[in-house]
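A single structure is presented below for examination.
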Amino acid sequence: MRDLVEFGMGRTARRTYELEDVSIVPSRRTRSSKNVSTAWQIDAYRFDSPILNHPTDALGSPEAAIEMGKLGALGVINGEGLWARHENVEDKIGELVDIATNDPDPSSAVRHLQKLHAAPINPDLLAKAVRQVRDAGVTTAVRVSPQHAPELTPGIIAAGAELLVVHGTIISAEHVVLVDRGDEELVAEPLNLKTFISDLDIPVIAGGVHDHRTALHLMRTGAAGVIVGYGSAEGATTTGEVLGIGVPMATAIADAAAARRDYLDESGGRYVHVIADGDIHASGDLAKAIACGADAAVLGTALAASASAPGRGWYWPSAAAHPEMPRGALLQVAEEADRVALDVILNGPSDDPDGLLNMVGGLRRSMAKAGYSDLKEFQKVGLSIRA
Amino acid sequence: MRDLVEFGMGRTARRTYELEDVSIVPSRRTRSSKNVSTAWQIDAYRFDSPILNHPTDALGSPEAAIEMGKLGALGVINGEGLWARHENVEDKIGELVDIATNDPDPSSAVRHLQKLHAAPINPDLLAKAVRQVRDAGVTTAVRVSPQHAPELTPGIIAAGAELLVVHGTIISAEHVVLVDRGDEELVAEPLNLKTFISDLDIPVIAGGVHDHRTALHLMRTGAAGVIVGYGSAEGATTTGEVLGIGVPMATAIADAAAARRDYLDESGGRYVHVIADGDIHASGDLAKAIACGADAAVLGTALAASASAPGRGWYWPSAAAHPEMPRGALLQVAEEADRVALDVILNGPSDDPDGLLNMVGGLRRSMAKAGYSDLKEFQKVGLSIRA
Amino acid sequence: MRDLVEFGMGRTARRTYELEDVSIVPSRRTRSSKNVSTAWQIDAYRFDSPILNHPTDALGSPEAAIEMGKLGALGVINGEGLWARHENVEDKIGELVDIATNDPDPSSAVRHLQKLHAAPINPDLLAKAVRQVRDAGVTTAVRVSPQHAPELTPGIIAAGAELLVVHGTIISAEHVVLVDRGDEELVAEPLNLKTFISDLDIPVIAGGVHDHRTALHLMRTGAAGVIVGYGSAEGATTTGEVLGIGVPMATAIADAAAARRDYLDESGGRYVHVIADGDIHASGDLAKAIACGADAAVLGTALAASASAPGRGWYWPSAAAHPEMPRGALLQVAEEADRVALDVILNGPSDDPDGLLNMVGGLRRSMAKAGYSDLKEFQKVGLSIRA
Amino acid sequence: MRDLVEFGMGRTARRTYELEDVSIVPSRRTRSSKNVSTAWQIDAYRFDSPILNHPTDALGSPEAAIEMGKLGALGVINGEGLWARHENVEDKIGELVDIATNDPDPSSAVRHLQKLHAAPINPDLLAKAVRQVRDAGVTTAVRVSPQHAPELTPGIIAAGAELLVVHGTIISAEHVVLVDRGDEELVAEPLNLKTFISDLDIPVIAGGVHDHRTALHLMRTGAAGVIVGYGSAEGATTTGEVLGIGVPMATAIADAAAARRDYLDESGGRYVHVIADGDIHASGDLAKAIACGADAAVLGTALAASASAPGRGWYWPSAAAHPEMPRGALLQVAEEADRVALDVILNGPSDDPDGLLNMVGGLRRSMAKAGYSDLKEFQKVGLSIRA
């Protein structure tokens, strides 16, 4: 742990950095972007693009997850979201978007979201959603919170899930007391993530973590991937305002990548994937996240502008639905009529000057201009920090 | 005193940090927020929440102080404010708020505030206000300025005050010449704070201080608590613009906490509480203030949005009333109709995405996610600084 | 010269600081502001307040200079400004202000200013303006540019000037080739400032300088005071945009104060005053300038809001009139009807929350709260730098 | 490579600086701006001003290039731009500007630009444009992309080009695989820049490079000049957003100047010119670029405000036309009616307070005030960095 600042007498803090603080510096022979691979593989599952969606109802309908999969990315549905609680989710989101559109007070939409999440989880609805994705033939990934994982996982696997995402806004692993899945209160009984994972037949991605130690602990539980970050998105997530907790992503990704190296050594060769979740909005952010050490990245706002996203141009994190302490709001990222095909957001071609379309193409060109041909190598590209 | 910068030849300054520069970094096992205590005790008085109100008339009516007490916090009334000068304070504040609402020139409201404060202090009115709080059965705290403390304190205690807050925007203690209570000129005769406190039967909280040395000096006077900061609130206080004086709160709190440790040692075990007063607007700020070393915190703008705050949605520091050199202005923090119950501001539940409601719940969850179960432990949580 | 940054390979720059980067930190016994002196003396001339006006036509009419003097400050008239070129200056400024008010393109007012300055200097008009100030019984100070100093000074002294201000936006002294008085082209013949000053019977203030070496050189010419800075005022001066030249004032003042100490030693006791000119808008800035090491300060925008300032609420630096390369624009600092008495700007009382009124009172209170009783001592007050 | 930051565990980045971070510090005897030379010579070609235009169609019509040459600067036409693809370019740009003016969605203009660039290059049109410049008697410079250089260069030279600019947004040289000319896909066959240059009879300027190593490699290919930067212009270029690639210009220029020194030594005296291309909008930026080590500078937005620029007050980089991954947008820098003569932009006189007119005069005055008489010396001027 380096670069400590003594900000007051006898009290130190570590200096940390955001993705926006770093830039990629090309300094090698360039190459054609056609000779670059952006492929990513976790366990037995291979993807053309190292991209997942944030497990929020704004993105994770079964239909949207299927489209993600068909386009080479990994769609994740939220096992505790609206599709697990309501029959007619489209109408519910319609009500929500109407409120967000017409009521300037952000609390009104939050209140409605809280109300929608107050309905209980219906295992049949959840299983139906999972089956729908599996039946479409794409890799089927479902997110559960740590506290509901034991109760929900059997049904989810039975319905066809191939990857389980155990995900809270902040997670710990040691003797795992798992705290908060972002939209409900906690259960009293702690989850032992290590036992839980070893008893499962499918690989688990767990997170989010914010530091090297917790990342290493989660790797030791047997997780195939660790999510770093809490999905920070300016204007949508408010973890800093509400909790005073922050996770500058450039530092957090590099720390988790260091944990990956440490665990690779201590485990005699097990490679746990680092998946960055936060502050990745444009293709340049995606390139920086990989460059800082991530194997793959979670997109939120970027995908919310797609025509197939259930949020109709609005984005919100699932923590916005917490019944007592919401940590997010609804953010409009596109007018409903201006939304574009998910394929264009992921694979282009782009006519957008700001890197919001053709995210994978932007990553590919960044790699090519910096002279790298695959993601793993690109994690070593030179970086600069704006002083 | 560390991290000195030679900003010009032969002239140095210390590098200092604001609360907004620091973030809390969870790096331990998490725990349930239900197992977290936010209780705070000073002298014989115990509170569920480590929260006081800034002693401004915008917050400190007897009724509002009573409600603070009933909700587990500490209400402080201003012994030299409008309740000590006028019979019909509600009307006076009505006039003030009308001017602030209708006249875009901030000087107009300041002028009216100066006029309202030009009325003399009426000891009977003051005693009546104190008695009203005491009779309600909550801990009764009254603020006096250093220069009026000798003359006003006997009557205040006789009326039932249990805690005395000796408070100027900047205070010193050594051979104590006390300068400025923020709304009036000084008295010629200095106050010896040490003698003054030792002659009293009730505990004293004194401040505000800005640095380690003055904090230590005030601790040596026998104070039970020391306030650090001057209540900085962007848009309301203007001490920096008017005096060039600044007190970055993260550094100032940590320095005062160091003084607390030093004094604990030199006194053979007397623990003087450090109370942070400045830049604490949302629950995340409150968590950071404790994390930097504070035992409790003073809220200003956050409480001004409550339905029971006398300022009708407006906030101002008492220094805005200074007759010659005002150092603050009126700031609207809520439309009158949009104000919420104080209970919701303190204890939730929240539907606000920005951490302005359920302040104590936000603190509690921050502690739980970082793995701490009481305030004293939480002062050691890991922190990062945005570079 | 310390704190060098190697910003590129083999190329270094010094890290420098603005007044807004520093804050005053009270850490001593406080004192009453009534026991504080803000008096300043240069040569035989004593002033209640350490304040001069920037020598621009926006501030320096004979009438305004007289009022400055009567209120305890030093008024400076511009010996090469409009009063030296036109009979009916009030009308000319009226035209200028009309254009600035009605034409949103800032170039229109600059063009008119260039035209007004194209008229030749009339020695009789200049002498009349100087006499008017002298006849009023206040200290009479006149600014000339380096290149016109030899030709204009005899007449100025004959008309009664007591202090000569030799002033260009940037000045050097060694074998003095003097460059630019901000509104006209250069003369071929260089001025030897040392010979020039030694031949005069009245004291000279010279500047502006930006660094330690030039400050020291000017002190060696025999100047009684050295101006540091070029009158930087955001929205009015544009030296950075036009020339790429910058002078962070906190660093520049401290460097000039170091030159003062060095020269005091090498001269065996001659004290040359350091006068800060730039970024001083509110009373807090004034306090910081003294705290960084200045003996006195030049005000620009702050004085332009006075009812007696000839600019009718508008401010501009004289460099805005340069015929080929203007380095400034007209900035409105007050509506004509909202202007206040100069006395209130300097000495209060204030009803302005932002430190724009009672500038001297703000300085006095800052000194008192920090525990200092005169300006010379206050140059040692503790400072912090926001990281 | 110095000033490394360990931003995460085991991962470092270099701290870098923008032109806006640095300021010129005058600290020598000043001199008259009349005694200052801004002349620049590359190979046999001498220019009064060290200025080129960015090779975008927004600036580089044959007529505009001729005017640049007649005014002492170097005009560059884009050998792969609209003049090489269409007969009636003025009409095409008219359509483009109409869309940009009337459609607030920046993608609409980008789409039209993509469409205009989809037309094939017509060698006859290109030759005609080159001949037009050559016939006017000014130095004739043409830009080609690395991948089209072999096929287009013979015709360009036959038509009279005297300087060839081989230019991609990012270029490498070692075994040169050249990637991207900003508006089209790549060719499979790499260009060996060294062989290519040695076979030519005219000098080559190549770029853009971002770091010391690539600059040195390009110098070794035999280039007469190396362009550093990618023409960054806030609001117009979006390389950072799209690719995550950044090149802080103060650092990049100094690094390239270090490469120039290194190559001068290793080559036994060959001086390769460093030409800065990015973030140079006002005369102060131009002065800073030279001060950081550049021999000459590329202007973009500054020239787009001229009456003769084909963009009618709009600026865009050629990378905005890329068919799949545009990295720029159209930016209006002047209303069509407010455009000024190119002569005034370059040589004044100015009535603009912000350094947008009389760019060369601003450079000249900056040099004079800092005491330097030619560009080469001025590369050593003192610099400060705002902390």
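Note that the chains are named A, B, C and D in the order they appear, and that numbering of residues resets to 1 at the start of each chain.
One rule holds in what follows: a contact is a pair of C-beta atoms (placed from the backbone, for glycine too) under 8 Å apart; a residue touches a chain by one contact, two chains touch by 3 or more.
Quick caveat: nothing in here was measured; it's all calculated off a predicted structure.
> Over half of interface residue numbers shared between chain A and chain B means same, under half means different, so which is it?
different
> Nearest 5 degrees, what's the C-alpha rotation angle taking chain C to chain D?
90
> In whole angstrom, what separates the CA-based centres of chain A and chain B?
40
> Approximately how many whole Å separate the CA-defined centres of chain A and chain C?
The computed centroid separation for chain A versus chain C comes out at 56 Å.
> Among the residues of chain B, which ones contact at least 2 other chains?
Residue numbers touching two or more other chains: 5, 7, 16-17, 21, 251, 385, 387.
> Where on chain A is chain D touching in the complex?
1-3, 16-17, 21-34, 212, 250-255, 257-258, 261, 282-288, 291-293, 338, 348-355, 358, 361-362, 365-366, 368-371, 382-387
> Within the complex, which stretch of chain D touches chain A?
Residues of chain D touching chain A: 5-18, 21, 105-107, 110-111, 114, 169-180, 186, 188, 210-211, 213-214, 238-248, 251, 320, 323-329, 385.
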